[in-house]
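Got some structures for you, see below.
Heads up, the next two complexes both have chain A, just with different partners, chain B and then chain C.
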Partner chain A sequence: MSGYASGVLAQLAINIVIAYSVFLPAAAGLLNLGAAGFVLIGGYAAGALTAKLGAPLAVAIPAAGLAAGAIAFLVSFPILRTRGVYMVLATFAFAEVVGGILLNIPALGGAAGLSVSAYAGLPLVLGVTAAVVAFVAWLLATRLGLAMRAVHDDENVALLFGCHLRLVQVAAFTLGGALGGVGGALLVHQFNFIDVQTTGIVFSIFVLLYVLMGGTQTAWGPIAGALFFTLVPEGLRRVAELAPALKFLEGSRYIVFGAAVVLVMMWRPEGLVTRTLMDRFYGFFVRRNHA
Partner chain B sequence: MQTLQQIVNGLMLGGILSFVAVGFTLTIGMLNFLNFTIPALFMLAAMTMWALGTAGAHPFGVGMNWIAAAAIGIAVAVAASLLIERFTYRYMKARYGDATEHALPLVSSLGFLLIFEHLVITLWGTEAQRVDLPFADTDLRLAGLVVGIPQLVSLLLSFVLVWLLSTLLVHTRTGRALRAIAENPDAATLMGVEVNRIVPVVFVIAGSLAALAGILYAASYRTVSPYIGDGVAADAIAGMVLGGLGNVWGAIAGGLLVGMVKVFAISSFGAEIEKIPVWGLLLAILIFRPTGIFGHTKIGKGKF
Partner chain C sequence: MLEFENVSKSFGGLKVIDQVSFTVRRGSRTALIGPNGAGKTTLFNLISGVYPLDAGAINLEGEDIAAMAPRLRIARGIARSFQNVRLMPHLSTVENVMLGEHWRASPLALAQGRRAAQAARAALDAAGLSDYPGQVVSNLPYGVQKRIEVVRALAAKPKLLLLDEPAAGLNPAEGEALGVLLERASAGGITLLVVEHNMHFVRRLCDRVVVLNFGRKLFEGTPDEVHRDPAVREAYLGVAA
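The block that comes next holds the complex of A and B.
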């Protein structure tokens, strides 16, 4: 595989892991505009472990997930006191505070960012991503997954039917944070670098956008969103390279992405991949087999 | 003297922030919609003014009179704001019932933020550009204090405009319709308020506030770039929350407070630390007093 293709594939895999970190809270009805916060915690924790303490990746990646998960657990209680727009703003503020604190730790590189030498190759990144996808698919099939869906659809009714609302929300938020940490650990070791500037507010906005665009009803949504978000800009860039007449596509690929977001929200407000779509998809194959 | 100058600087920065914060708080108070396109409108007006006013800016560099360029900048931003209304708030409203129960307008507005930012980048590149205004010096010196005229204007203008807005809201027919929509859009429709005609008014007001702020920003800092809106809007959101969502006077107070906190944090601890006090304060307010310093409780309680 060429360097270019494996680079895009690794980026796609990391985007999928980070997408699931926002998807899990969103599947329980919690909007998280602070993906960058957990990615930064995980990335800096894993980076510090390998670069400063010489820990192997097999230790650093789970440790990053645990660190981000622990912090997500602690902040979930105050953040769950807020609702609606306030929660969007609170998670956004949390990410900014995390960034601000990391910016002021000279041992971790400050504004210059953290460079590491340990490298997470494509097989490792793909392996971790596959594990994360399998974990989320399994989680949604458990009672907790069912409870998350109930809470997402209607908190009050879920409460009446005996869902432990607080438990479900804290679990969704904490697991999401942990996945964000794993994503950050992969990110820092794939690119050998992480900094607060590039993992900032725009990053959080992009993640939330492609998760909601993909759809929060099924575990396939974030994959669809990350695929679209990663491949459409790359594809437009390739087209612009191959055909000079279409040069304008190079600069305008994010305009196309933004317009696609607006249109998807108009035509498929629940996202590209919905439960109905998956049922139809399976139904299509079942009918074909019987025919 | 040093401290006094810092207070003045904080108020000057806060003047622009409170302008943008009023735009945010109006859309959220009236329509329960966190409008993330405001930074794009802020930037669009400033960049349009720069491009039209600078001879040789490619494209559209015609070296136009600066006042006319500013007016066109505001007009472009208002037109963009109406386009945004058409594809975010109105569409959701018409087809999916209570738009406040959906994340859709929020998400679509983030999409529009991307569209406009990258449109400007495609046209004029990502570099920061100098704004060569013909006025030699926009600073006023009063008893040893340096006061920026554009910031002073924006501070005074924000007071005047907010006073005007609150008067219009109470005393005109459109104002009454707007308050009815803020209370309950469905009930307002039943009472004969044409929601699709009245809601664009909010977008025109919010768009022109953001555009004016962008132009005053360009005039006082003499520099524009496609990214100027992001930082200002983030601080303005912090100011809006401090003042309480939907409270216009609170937005002004919150904007000024954020300006002060930023200036004092930078002058006492350096530029790298400024995020922590502003966002820490915002996080604390959201958790312990989510209605803000003087807010009311009803707004933003929808699911998203």
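The block that comes next holds the complex of A and C.
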């Protein structure tokens, strides 16, 4: 595999992990625009562990998940007091606070960012990603997952059927934060670098869009969204390189990409992958098998 | 089984429920009827804990549940359906029914665990709804969704089942199937409290009728007595021409 292809693949895998960090709260009806905050916590925690303390990746990656999960647990209580657009603002503010704190810790590089020498290669990145996908698929199949999806659809009725609303929301937010930390740990060790500037609000917006575009109803949604967001801009760049007539795409590919996002949202407002789509998909094969 | 003692509830200056007292006997099939705005659904919301009452007490098997957290009431045996379908639109039929017995499951039990899904499927089969097990409910016909709601509430294995206009919007065949389902539930020992405008349905199913009007109890008796009572006829059924 060429270096370019494996680079894109690693980026895609990391994007999927981080997309799941926003997907878990979203599946329970919580909008999280603070993905960057948890990625920064995980990235800096893991980076500090390997670069400053010489810890192996096998320790640093889970530790990053635990650290980000612990912080997510703590901030979930004030954040869950807010609703809708105010929750979006609260999570955004949380990520800004994390970035601000990290910028002011000289030991972690400050504004210059944190460089690490330990390297997470493609097999490790893909392995962790596969484990994360399997974990989310398992979680959605559990009673907790059922409660999350029920709370997403109608929290008042879920409450009357005995769902512990607060517990479900805190769990979804905390587990999401932990996955963000794992994603950050992969990110810093894949690129050997992390900084606050490139992991800011635009980053959080993109991650939230992966999830909303992909769909919050099934575990496939974030994969579809991350694929779309990672491959469409890369594809447009390749097209611009290969076809001189389409050279203009090099500079304007984000205009085309933005238009594609708008079109997808108009065409599939509940995301690319919905339960209804999966129904049709399964139904197609079941009918085929009967025939 | 369920006793209302001088229950009152106001929204702003409007007294929606005004000093209502009556008793739902164990194993009875009680209908709660009255004109629109009489407070029937409000009374249901007070029982299930959607909002607190202002005064009075609601006793379930001798225990005042007025202050109990809504989440815990299902474990005390109260389950309900809703006037407008409130199934989880993005869950499948089976998952919606599994939500009914959710309060008894441990949080990390696999929801798709064979036994839970099989039980839900069997409950749907018994209700004549075996055609749509894996489908997302938002795509199903209204009459089917309405009956799935009843199956979901029954899956909670309640002692007291609150049904808010279960027959509204059903065609005659669906109404008949619902009646059979509820009679079977009643025979199984579940107490029914039903808000319903369809008097034919009420007379067929219920053995007791409580009439509310403007938040007050107007009458209580058997379906035949209610039918004969002049005050009820005037308030609700219409004066005979």
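Simple rule for what comes next: the second predicted complex is superposed on the first by the 291 of 291 C-alpha atoms of A that agree within 3 Å, B and C clash if a C-alpha of one lies under 4 Å from a C-alpha of the other, contacts with A are read in each partner's own complex, and residues count from 1 in each chain.
Keep this in mind: contacts are C-beta pairs under 8 Å (C-beta built on N, C-alpha and C of every residue); 3 or more make two chains touch, one makes a residue touch a chain.
Just so we're clear, the structure is a prediction, and the values are computed from it rather than from any experiment.
So which one touches more of the residues on chain A, chain B or chain C?
With both complexes superposed on chain A, more residues of chain A are touched by B.
Touching A:D279 in the superposition: chain B (first), chain C (second), both, neither?
A:D279 contacts chain C only, not chain B.
Could you say whether A:G7 touches chain B, chain C, both of them, or neither, answering first, second, both or neither?
Neither: A:G7 stays clear of chain B and chain C.
Once chain A of both complexes is superposed, is A:P233 in touch with chain B (first), chain C (second), both, or neither?
neither
Taking the superposition on A as described, I'd like to know which of chain B and chain C A:V261 touches: first, second, both or neither.
The answer is first: A:V261 touches chain B but not chain C.
Within their complex, state which residues of chain C touch chain A.
That would be residues 48-50, 70-75, 79-80, 82, 86, 88-92, 95, 98-100, 102-103, 105-112, 134-136, 138-139, 152, 156 of chain C.
Mind pulling up the chain A residues that touch chain C in the complex?
Within the complex, chain A touches chain C at residues 141-147, 149-150, 152-154, 156-165, 167, 217, 274-276, 279, 282.
Sort out for me which residues of chain B touch chain A in the complex.
On the chain B side, the touching residues are 28, 32, 34, 36, 87-88, 91-92, 96, 102-104, 106-108, 110-115, 117-119, 121-122, 230, 234, 237-238, 241, 245, 272-276, 278-280, 282-283, 286-287, 290, 299-304.
Which chain A residues qualify as touching chain B in the complex?
On the chain A side, the touching residues are 29, 31, 78-79, 81-86, 88-90, 92-94, 96-97, 99-101, 103-104, 110-111, 201-202, 205, 208-209, 212-213, 248, 251-252, 254-255, 257-262, 265-266, 269.
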